[in-house]
Every structure is written in structure tokens, then in C-alpha cells.
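Data first, discussion second: the structure below is written as C-alpha cells.
Residue numbering begins at 1 within each chain, and the chains themselves are lettered A, B, C, D, E and F in the order written.
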Amino acid sequence: MSTVKLTDNPEADPRVKVVFDEIRALRGTDYINNLWLYLAFDPALLEEIWQGVRDVMTTETLIDFKTKEMIYVAVSIANSCQYCIHSHTAAARSRGMSDDEHAELLRIVSMAGRTNHLLNGLNIPVDDIYDMENSENHP
Amino acid sequence: MSTVKLTDNPEADPRVKVVFDEIRALRGTDYINNLWLYLAFDPALLEEIWQGVRDVMTTETLIDFKTKEMIYVAVSIANSCQYCIHSHTAAARSRGMSDDEHAELLRIVSMAGRTNHLLNGLNIPVDDIYDMENSENHP
Amino acid sequence: MSTVKLTDNPEADPRVKVVFDEIRALRGTDYINNLWLYLAFDPALLEEIWQGVRDVMTTETLIDFKTKEMIYVAVSIANSCQYCIHSHTAAARSRGMSDDEHAELLRIVSMAGRTNHLLNGLNIPVDDIYDMENSENHP
Amino acid sequence: MSTVKLTDNPEADPRVKVVFDEIRALRGTDYINNLWLYLAFDPALLEEIWQGVRDVMTTETLIDFKTKEMIYVAVSIANSCQYCIHSHTAAARSRGMSDDEHAELLRIVSMAGRTNHLLNGLNIPVDDIYDMENSENHP
Amino acid sequence: MSTVKLTDNPEADPRVKVVFDEIRALRGTDYINNLWLYLAFDPALLEEIWQGVRDVMTTETLIDFKTKEMIYVAVSIANSCQYCIHSHTAAARSRGMSDDEHAELLRIVSMAGRTNHLLNGLNIPVDDIYDMENSENHP
Amino acid sequence: MSTVKLTDNPEADPRVKVVFDEIRALRGTDYINNLWLYLAFDPALLEEIWQGVRDVMTTETLIDFKTKEMIYVAVSIANSCQYCIHSHTAAARSRGMSDDEHAELLRIVSMAGRTNHLLNGLNIPVDDIYDMENSENHP
């Protein structure tokens, strides 16, 4: 159940068609997942979000593709975004994440959830050595 | 300003001393950061948290140390845990994260924050192909 | 699947009936949505929540009704509350929010999700000029 | 650094004075903590919030005072609200929470943070036996 | 729809069998809920999470069982973890939480959600008397 | 205390200078707030974030400037992002938000925080009439 209507024949809009064609070409499949189908209700928003995701997640950058997807999954878990968890877990797998790496990702994320809650409850002062503006601390 | 008192002479407690000695040995430094100093108010909780963090973050596992710390930072940002963001950003740097990789980590995390909010607002149905229980989808 | 039981014949309780009658009168419809039907399991909680929502959201105040509902949607998205996102998106529409305004709301909310994550990751000191207690800064 | 100005002589406003007098009487001290001093910028909002908190937290109800404050701390930790964590940790102590109970509260909250993240990452279907609407399951 | 596959015949793995046997013995029922069935995809993670939960939640400690489960529910609500909310609400009921206590728990949690958001919006300075490190304040 | 170093003489980089000049021209002031000063550590990220914020928040669109800033504040409160709350509260004021409107914004946001927590705790099924894909429901 969505808060927006699925558009009939979304590719009748040329801006939508450009985005969908790019998605198909990049992924080598005709399948367009629901995120993009629903976002077609507003072609400008579709373009904006697609270009943002494409430039960070599907372009060669410093961090390898698999790691980028695993970081994305980690944030999505902390934000309780089910669609994002599912689509980026699938993307991480397609980029090579094994079952064991998935288990380890979940181990790290849940460990972080534990210490994040503990530290928020303690409100311990941050050590001065973690201050990047004090360059002496990080020679 | 913390919600617990800093313990005077924490290493008088032998359980605390064991943990602090392990931290010093593993890191090759005498510096003990505030998290462990404050946690010494309850030696059992100190042991529990230290052993959990040690086993996941300072032991050779499938995912390399730098990546593990970057995933930890990502979760901590989404949870607004300032102590955790600072200490794990410093840990990621000590494990080799460059300024450029830090910038890219922040780019991915903030991109995920954007699409997480968008997707939660749209509540789009998760595609069946993301269902791991349907093994046909993931040959 | 709820954590409380739906009450049979909730309006047998006079406190529930008063609330439901007010909801119907205010909205000009007989339809009572699930939130109120389920909350009837505890008439005191039902009254409390209804009166709070009614006083803020269905009473003429400084901020117009459509804007109030859009602000409510924004918070609900950030909190991952699916029922709230759905019911307040519908309320915003019934108060006049167009498809284009909905798209713009989602654009702002997701932009805020992005910079919120970036700023939490950077932990930049808040500028003194934003301190309301220093009245010189806000002449 | 606050987003609102601290009011000079807030008790010049009779609505503020009534609230502050009630706080002093209930607590048996002249000290008014910052939350109420700052909220005095809007007497209607001050009244609303005070009456809500008073009715739940300072009135004899089913759950004892100490437990109520500990539950309040737990939610505040998960929401990263530093003021709330500090004031309700202090309130829990004044209601009898010992250092050991505080440590145990933090242990439970951080354990929940861990499994919450794990479960959000797994998205496991909720078992039918947890459905309260199916009364057979809960005889 | 989960992000991991349900394991066929999970108890073929002896580490899984040990955990499942312990769960059955402790609860006095043969029913194993989905969390543990799905976690069996990684026996080490299953053991780790089970032992953590068991030691805190099913062992006699300072805080009684019912209260511990109610605190767990509170955190899970703030983190939007539906599986956790359902399973720990059921556990709290099995530990004696009545319908009225459930309603009061929800009242406290939602009150905390309200003041958490208000305080985060105001960013009021935390009073010095809440600083545990200043022992004079807490004689 | 930030996780990145403040750049010395950031406008020596021509990409930074272009962004800073645009900020000054748009706002009619020489003051550059900390967000942009710190982001100068990575000119590409600075450009990306500035252009995103500029296009949504400082360009004439369907929703008026004051309302857009109030929506931004609402999301930032729910995400516990202190820098964002401060800078966008100041922006909303500069766009005309009065003290009374600020109080009302906080009233709505905290009300939403309350019902978001309540609804997440109840997990009530979303009514079919809120499904935008069923066009009959929204004639």
C-alpha cells in the first residue's frame, strides 16, 4: 500500500523513458524495480534521485561497489527502511556479498546498535584525541 | 556531563584491570579512552561490552578492519551517537581510511539518509525478487 | 497484526461513544479509522490522544490545516511510522495538498534526511549566531 | 545553546506561576529545572506539557514511579534526547534506582538496540502467535 | 519477506540444536519462534544473540522479568522494530503484564516520544544538577 | 569538536570560491556558516550538497520559503540533528516564522512524536482507504 499512485504507462513521459533506459542498460536487465516505477509519478523527482544514486552507487569511485552497498544496508537498517534494506541487500549480493559476509555485516550493525544505545545512555564526554581540528592529535 | 560517575582508581578492581590491560596490549598504547574509563562503574558490563567489541572489531574476520569501522560509523551516524561517530571515525582512520574515503563514506551515508526518508514516505511494496526465501529469484 | 485486540462493540462504552461521535461530526463522515477503533481498548488513552490531536490538528490555529498535516507527515517519515504516514498523507490531501505539493514535500523531507546524516557525521560546531539567547544576533 | 530565548521574570505571567508553584509543591524544592524555565516562552505549551507529564509521571498509577522513570529513560536513549536522558535518569535515581539497577537498565536498553538492528536487517515475518487479534493464541 | 533464507532442517547443525533445546527447556514449549529459526542460517550469530538475550532476559537479575520485558518493548517502539515489539509485548504478557499495564506502558512511551521531540527541538542546556560527576549535587 | 579539519583559506580552491560567492550573493551577507566552511574539506561534496539545498530551499517553488524551512526543522528534530535544527530554525525565522508559529511548530512535532510512538507500539493495520493505488477511495 503506497501513498502515491502507480503511473499507467510511465514511459510515455520522455524524461521517465530516459531514466528507465539508463537503468536497463546499466543493469543489463529489463526489470525495473518498484522504486523507479512509483517515482515516475513525478519525473523531476525521479531524475534527481536516480542521478544521485547512479553517481554514487553505480560509478567507479574510491570505495568498491560491494562495500558501498553494505554501508548503504547498514544505514537503512538503522533507519528502519524496509524497502531500502531489501533492495540494497540484493544489490550487495549481486556485487558479490556472500552469506557469511551478510552475517558479519549484521553482526557489526547490531553490535553498533548496542554500543550506540549504551553510549547515548551514558553521554560520556568525547575524548580530545578524537578532535580532528587539533592536528597535533593526529600526526 | 555523564549520567554515571567516573570511578576513582578503576584498576583496583581486578576485572577492570584485565580489560584495560587487554586494551593497552591490543592497541600498543597506554591511552584508555573515556568509554572504558566510565564503563568501569560496572565491571560486568565493561567486560561484556569490551568482549563483544573486541571479538567483532579487533579480530581477523571476513571483512577487513577498515571496512568494519566504516560500517560502524555509518550506523552511528544514523543513530546520532556522537561518541560512537567520533571514536569509530578515529578508528577507521587508524585502520587506513583516507580523507577521500571519509568524504565518500559521508556521501554514501547521506545519500542513504535521503532515499531512506523518500522510501519511508512512499511506502512502496518491496519487489518479490528481493525475497530471499524464494530461491528461484536468486539462482 | 496488532499488539492489542480490537474491541467488540466499542461504543457500548459511553466515553468511547463521545469520542467517536465527535470524530464523525468533525469529519462529516461515519467512517472511523483503525487508530480510534483499536485505541478503544483503553477509553482513557483514547480520550487523551483524541483530545490532543483534535486540539492541535482540527482546530483553527496560526498555521493552516494543510501545512500542519504536511509537517505531521514529515515527522512520521523520519520516525518510520507507517500508519502515521498513511493517515496524515490522506489528511493533507483532504486539506488540499496536490500531487505536486506531495512530491515537493517528499523532496524536502529526503533532502533533510541527507543533510541530517551528513551533519551528524561531521559534528560541526553550531554557529553562535544561531543562539537565540544572544539577542544581539537576532535584532 | 537553545532555539528559544529564556524569558526574563517568567512568573510575571500568572499561567507560568501556577505551573511553577505546582512543580515546587510536588517536588518539595524551589529548584525549577531548565525545561520548564525555557518552556515559559509559551505559557500554553508549558501548561500542556506540564499537565501531560504530571498526570503520567507524578501521579499514583498502576506502574510504580521508579519503573515509569526507567521506561522513560529507555525511550529517551533510543531517541538520542540528551536532556531527557539526563533529567529522567536523575528522576529515576530520586525514585530509588540504585547504581546496579542503572547498569542493568543500560544493559537491557543496549541489548534491545542490538536485536532491534538485527531484526530490522533480517525482516523476519512476525509469528502468528503474537497476533493479539487471534484470541485463540492467547487463551 | 526476509533478507535471509530459512534453513531446511536447522537442527542438523549441532550448535543450532543446543540453542533450540535450551529455548524449549527454558520456555516449557516445543514452539521455536521465527527469530531463532531464521538466525539458524549462521549458527555462530544464533549462539551469540541467544546467549546475550538469555543472560539478560531469562535469568534472575535485579529487575523483575515483567519490567525487563516492558523496557525492551519501550526501546523497540522507539526504534520501529515490529518483530521486536510483537515478540516482547507477548513476552511481557506471559510475564504478567495486564491489559491496563500495557495501556500505561504505551502512555509513558508516547509521552516520552512527545517530550523527546520537544526537547530536541528546543535544545535546552542540561542542568548542572544532573551531572553525576559532580557528587555534591547528589548527596 | 568535528570529525573533519577546518580548511585553511578554503577559497583558494576555485570550486569552493564559486559556492561561497553564490551563498553570499543569495543571502546578501558576507557571513558563511560553519556547515559550508567545514564542507570545504571536499569541494565535490560541498558543491553537491550546496546545489541540492539551493535548488530546493532557496528557489521559488510551490511551497513557500517559510513552510519549507519549518518542514526541514520538523525532520531535523525527529533525526536529532542539532546543527540542522539550529540552522533551519534560524532560516525559518529569517523567512518570517514568528515566536508563536515556532511554538506551534514544536507543538505539532511533539504531538507527532507522541502518536508515532503510540502507533508503532500498537501496529494497527493501515486502513484500505489510505491506499492511493485504489483510486476509488480518492475520487
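Here is the rule we go by: a contact is a pair of C-beta atoms (placed from the backbone, for glycine too) under 8 Å apart; a residue touches a chain by one contact, two chains touch by 3 or more.
In this text the structure is predicted, and so the values were computed from the model without any measurement.
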- When the contacting C-beta pairs are counted for C-E and for A-F, which pair yields the higher total? A-F
- Task: Specify the chain most distant from chain E by Cα centroid.
- Result: F
- Please flag the chain sitting at the greatest distance from chain B, going by CA centroids. C
- Classification of the chain D:chain F interface as same or different, half of numbers criterion: different
- Separation of chain A from chain E, taking each centre as the mean of its C-alpha atoms, in whole Å: 27
- Cα centroid separation, chain B vs chain C, in Å, comes to 33
- Message: Quick check on chain C: which residues sit in contact with 2+ other chains?
- Response: 1-4, 49, 75, 77-82, 85-86, 89, 100, 105-107, 109-118, 120-123, 126, 130
- Take each protein chain as a node, join two nodes whenever their chains touch, and name the resulting shape: line, ring, star, complete or other. complete
- Note: in the complex, chain D contacts chain E through residues 1-4, 31, 33-35, 38-39, 49, 52-53, 56-57, 61-63, 67-68, 70-72, 74-84, 86-90, 93, 98, 100-101, 104-105, 107-109, 111-127, 129-131, 138
- Message: Taking the touch rule as given, give the residues of chain C at its contact with chain B in the complex, in rising order.
- Response: 73, 77-78, 80, 82, 85-86, 89, 105-106, 109-118, 120-123
- Query: Which part of chain C faces chain A closely enough to touch in the complex?
  - Reply: 80, 85-86, 89, 99-100, 102-103, 106-107, 110, 117
- Given the complex with chain C, which residues does chain D contribute to the contact? 1-6, 126, 128, 130-133, 135
- Can you list the chain C residues touching chain E in their complex? 1, 3-4, 41-42, 44-45, 48-49, 75, 79-81
